[in-house]
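Each of the next two complexes has subunit A plus one more chain, namely subunit B in the first and subunit C in the second.
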Partner chain A sequence: MKPKVAFFDFAGCEGDQLQIANLEEDLLALLGQVEVVSFREVMKEHSDDYDIAFVEGSCTRLQDEDRLKQIRKNAKIVVAIGSCATIGGINALRNYREIDDAKRIVYGDSANLFDAYTARPIDAIIPVDAYVHGCPIDKDEFLHVVKSLLLGKKPDIPTYPVCVECKKNENICAFERGQFCVGPVTRAGCNSCCINEGTICWGCRGLVDNPNENAQKEVLIKNGLTVDDAIKKFRLYFGWQERRR
Partner chain B sequence: MNNRNLNLEVHHVTRVEGHGNIYVNVKDGVIERCEWAVPEAPRFFEAMVVGRPYGDLHHITSRICGICSIGHTLTSLKATEAAMGIKISEQDLKLRKLALHAENLQSHVLHLGFLVLPDLLGVGSVIPLASSNPEEVKTVLRLHRKANEMSNLLCGRTTHPQRLIPGGFSKIPSMKELTALREKLKESIPDLQAVAALFKALSPKLPDFNRETEFIALTNSDEYALYDGKIASTDTGTAPVGEYISYTNEYVVPISTAKRTKHARESYMVGALARFNLNYDQLSPLAKKTAEMFNLKPVCHNPFMNNIAQLVETVHSLEDSIKLIDELEASGLKSQPDYNKPEIKVKAGRGVGAIEVPRGILFHDYTYNDKGYCTKANCIIPTNQNHGNIELDLKALLPQILDKSEKEIELTFEMLVRAYDPCISCSTHAVKVHFV
Partner chain C sequence: MKIISKGDFKSFVNALIMDSSLNVIGVKSKADKFAFGSLESADDLIMDYDVTLLPPKKYFFPQRETLVTYDVAKGFSAKDPVEKKPTVIIGVHPYDIVALLHMDEIFRETKSDPYYFEKRKSSIIIGVNIQKMSKWCFAAHMGCATIDHGYDLMLTDLGNRYAISIGSQKGELLLDKYAKNVQNALARDIQLVGQKKREVIAMTQQKLDFSPELIPELLSKSYEKSAFWEKHSEKCLACGSCVLVCPTCYCFDVKDNPDLSLEQGERVRTWDGCLLEDFAKIASGENFRPTRPTRYRHRYFKKGKYLYDRFGFISCVGCGRCSSNCLPDIANPVNLFNDMYHETKASGVQITPASTPEVNIQTEGNIDYVPRLATIVRKEVMTVYETLFEIKLDDGSELGHAPGQFVEVSVFGIGEAPISISSPPTKKDTFELCVRKLGNVTTKLHTLQVGDKVGIRGPFGKGFDPEALKNKDLLFIAGGLGLAPLRSLFNYVLDNRKDYGKVTLLYGCKEPRELLFTEELLALTKRDDVEYKPTVNWCPENEVWTGNIGVITTLIPQVEFNPETTYAIVCGPPIMYKFVIADLKSRNVHDDHIILSLERRMKCGVGKCGHCQINHVYVCKDGPVFNYSKIKGVPEAL
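For the complex of A and B:
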């Protein structure tokens, strides 16, 4: 029997589900191995009988919690896909501001019509079995995680910072170009894709495990920075993780 | 039919981007409720960007939407560049137009092939079509993949672009890569013609429904407006982009987290059909021929024909991309340094950027302080501008189909919502029919 899979989305841009659609021919091959029973973005049918749930987006309001708990109850395996689900993503940027303030800025006098609280990743509410990091997710890493799960293995996700991949790719260090980059404290696995395209690491895969011990300290020391400085200076994606530290 | 009772609730319309609901309540043949609501979680982007430096804004606002991330990035850059008086080169302008065409192709093909086609073939998703109509699905996948390859080449990525930065590009493709792309685009023309023939054969399934409304889109005397232009309305003429507030007039309705807009009437429509209606004369030759296949002429007031207008635009984007690469070749592509970062003279000011993204006219409006930090932001998203029009269409359509079965009514309503290709993440996110 093919495993039944379902896709769900919370607060996010749905770019990760788009990345899955972008698998093109690989998607057809994948569809030969699993049975998709729910994927609102592409299909009308829906069933609550599934083995693996892929969840995109952050939990940003109380009413999301019940839905997440129901998904956890129905699924054997829950996979968080994309930064919003794995670390709170760009949504957590608003956590540096009081939520009432954010509501007033966007909705003005009608602010009290809408429910919202601190943006958080889904593992703040339910246990998560596997993570596909990134904004957006990397198609190949997604396939790696799915294949591992189907084979009953633990996916191999890097625990070192982006700098390792960036050096291997022989990029000129962003700090040497006079730019600020969070590659030294950000989890690798993206093959330093943004720096390869001529920009910087923005931190979308979240803080590497124990950044104090394992970060690429030499780069920071050379530029007169500590790990905490680096995290504080650039808070695009760390708004939930920083809170937890 | 006079004493019909109907309680319909489509909770989260499927095959659209985001969550939206339809509520219908008919008692003794009288329509008591017919509403379109967006319950998507609000995202607060306008609050998130306040206090961030100008170099972050396009990166943050790209995350408003995964599908139109190129459009959001470009609109954001245009707003920042307008605020600080930054000019970009003629070459970068052409490359940005190519990036926008790539998104238009990707988005329209995805919508037509994956989201609309299943309705016309009477199935719930594209998945069963892979075995029942393998050739058609492969053709759609081929076109979609080429559009993604084009995004990759111009933006360094298919979703959330990297190379697009204030003042230009961090990295550009080589002429060799661009000419290879041109060949691929030329090869795609027969595939696109096959898709057009397929939709032509299925077009009788698109309901013949007309409701007069106002259409708003950018217009430009030089070209079919996508990257730049003035605001144009089928009701009132044109105005500079800076006057957008007098066109959009946003308001909040309690049932939706997405705001709505209105201008000369109770609602207006944006998107491919609006652009087609306002700028038909400037479409490429093959695009006009495609429109003729469907007898589609401006001004068309059938919202279901937005699907066909998207098809027509897909052809236009393909032809215009080939033309843009020809021009880049003729002028000779100038190289730029690796890790390019154009020098920006930071200054305080306000700037408005407007672009025609796949679903319609998009506005970003930023104010910066003298250190280049954002102090105020406003983003007006195409789908928000369509919500009011969708609801009025549903209300006008319901009496015409009230003698049909509940299932048929639900399908027709969903098809109508899908025809707008709503992007609800964008508008906070939206779709679903609740008959209550």
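For the complex of A and C:
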């Protein structure tokens, strides 16, 4: 019997589900292996009978917690997809402001009507079996994770930083181009895609397990960034992880 | 030496490009840097570059390469033969040519790597003498800034013309076939080339304060200086850049990549590096080089000492790529070695060049990365985590192993794992593997059933030598799963019982339900020609245990043996060795009477991927069975 798969979204842009919907032929081949029972991006129906739950978006409200716990109860395997779900993502940036300030900036005077709290990745609430990092996720890595789960193996998510892929791709380092990059502390797996395109790594896949943060900040500062800007570089995506460390 | 005008050289390059049977590579610009790439026109070729981003090894040992393809219905096959077009690489600097010679020896040692050599053998290397030097380059100090061999053709820019040194017949034929108006060099040209080469040396901006012959000895004297290594690696990002860009680094990882059918797929190897955090980590979570200083130190030792001891060369050609790619600027060998030199000298230690190592590199045949198909013929669950698999090769051949050797077991789409052969060589048509469920391969293996297929490579490694142990008293000491490899020798000895003296087995587990081969071991208690003593660390209330309670070393005082005639054969978790060896030594057992089987992360099983290294020793090839007297001085071993 084909495993039943469901997709869920929390606070995020649904860009990751869009990535999946855009898989085209690969999606068709993939659909041969699974049965999708719930996927807002492409279908209307919904079912609570599923084996694998893909969860996108971060947990930003108390109510989210109950919904997550329900998903965990229903699913055999929970996969966090996209930075918001895996590391808190951009949402976690607001954690650096007092939550009420953040609400006021976003919602103005109606702030009190919303009950947002510190944005967090879903594994802050429920155990997660597998991660598809990235903002947005990488299609190939998503397929790798799905294939691995179907074969009964733990997906192979790199523990090394983006520089590894960047070197293999023979890119010119952002620092040599006068730019600033957090690739040396960011988990690889995206095939250094942003740097391949001539930009920098913003850190969307989150920190590696044991980043040398001080050394990286020193590199940023040595290359001309102010201390404040170096800290900001880290905040963009690493907010929740830094807080937890 | 020949001479060719620049115009005719361009025509020569274009003629090569026009020949579709050749794959023509040259140095091209990439923004303000340079990279080797496929040439479409001689106009794109840049000969006065300083250094390329990656070295040309990527054409012989690519970043990613398929080793094997598989199909669950058909088994494993060698990857489809690639287009065997000879690769012509134009514009290789001398240090990169020397690096290729290093790689040749590394990929040839013991067994040749067929994927490397299928590309390397047909390649044609057209070198060029350095015209601009990267500020990081110290090839001159390493004797690699200019060279006299290793190339097929070597060019020197003489203004309006190139001087061409012919290094091989292949090079000469290429010139004959594709170049026009090639003249013999005149005396002045030869003199000019000499002058240009001297100028190269003078371009060096890096300064090594001592002669590189001292490097191996200097390293030997600095291994234990942990403060030195900590200080130098404090800013290490563990980003691996220094090894990934290095022309002499060769470590790789191997992974299975199933396609979407999940029935077919490929096994690929990708560049890996010893600076990365998980390089030496095994499934149980143990990491044999867990800290940045230990990994950082390993790289320098690999370059300056381990490969020197094995091959007699210092495995750094001074290209300076590591230095320029390390963001915290801690990977420059010149800086590190200078610091080491001055610190050592200041401490009053005399450094003399190490004596040249005896290099004895044997090579025989090719590595076979393609597993043989085999069938699980019996499966016996032993504990919650361990199952015994009896396996038969599908081609009907015997495995032909020595006790203590291991095989690489493949599970389709999941990967390969090294597993000791648990059955004795006296058992011929099948063999047994006792497997603990830990990570991907081993867990999936446990779900397979009798009749299911696996892949087998090997047997690999140096096992026990049952001949050398004849007539000796044997004291087997096994901890946990360590019994699996020992059992192959133990059962062999029982099958040839009269050839051996006293036989004792000490076996310890954490708790009774973890004991393996319980029936077999129970049968031992009925024999009077074997002494068997088990122990458990503790016994939970719901289990029954009447034997010894305590760690394995608590058994050692309980047995009588004559240290002169006894050989101790030890295998267990890494933590066990230190204690067992200390106790054996206190009972006067000679160092060379202690035989160990060690475990490290493995990928290739054949001495190429670098994962299993304990300092200069490869566990997969030099072990896994070691005589303690040979391994005790190897600091990472125990």
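Some notes on this structure:
Convention: the second predicted complex is superposed on the first by the 223 of 245 C-alpha atoms of A that agree within 3 Å, B and C clash if a C-alpha of one lies under 4 Å from a C-alpha of the other, contacts with A are read in each partner's own complex, and residues count from 1 in each chain.
Definition applied: contacts are C-beta pairs under 8 Å (C-beta built on N, C-alpha and C of every residue); 3 or more make two chains touch, one makes a residue touch a chain.
Model, not experiment: these values are computed from the prediction.
Applying the stated clash criterion after superposition on subunit A shows that subunit B and subunit C can sit side by side. Applying the stated contact rule after C-alpha superposition, one finds that A:62 touches neither subunit B nor subunit C. In the superposition on chain A, A:221 makes contact with neither subunit B nor subunit C. Counting residues of subunit A touched by each partner, subunit B versus subunit C, the larger count belongs to B. In the superposition on chain A, A:152 contacts subunit C only, with no contact to subunit B. When both complexes are overlaid on chain A, the residue A:172 reaches subunit B and subunit C alike. Taking the two complexes aligned on chain A, the least Cα distance separating subunit B from subunit C is 5 Å. When the two complexes are laid over each other on chain A, subunit A has residues 172, 177 in contact with both subunit B and subunit C. Within the complex formed with subunit A, the residues of subunit B that make contact are 12, 14-19, 40-48, 50, 56, 59-60, 63-67, 69, 110, 114-115, 118, 124-127, 130, 141, 144-145, 148, 156-160, 162-163, 165, 169-171, 252, 254, 257, 259, 338-341, 414, 425, 429.
Residue ranges on subunit A touching subunit B, taken from their complex, read 9-19, 21-22, 24-25, 28, 31, 36, 39-46, 57, 60-61, 64, 89-91, 93-94, 97, 101-103, 105-108, 110, 113-114, 116, 135-136, 172, 174, 177, 179, 193-194, 196-199, 202, 236.
Within the complex, the subunit A residues that touch subunit C are 26, 29-30, 32-33, 143-144, 147, 150-154, 156, 159-161, 163-164, 167-173, 175-177, 183-185, 208-212, 214-216, 218-219.
Note for the complex: subunit C touches subunit A at residues 30-33, 35, 53-54, 63-64, 234-241, 244-245, 255, 257-258, 260-262, 270-271, 273, 276-278, 292, 325, 327-328, 413-414, 439-440, 443-444, 447.
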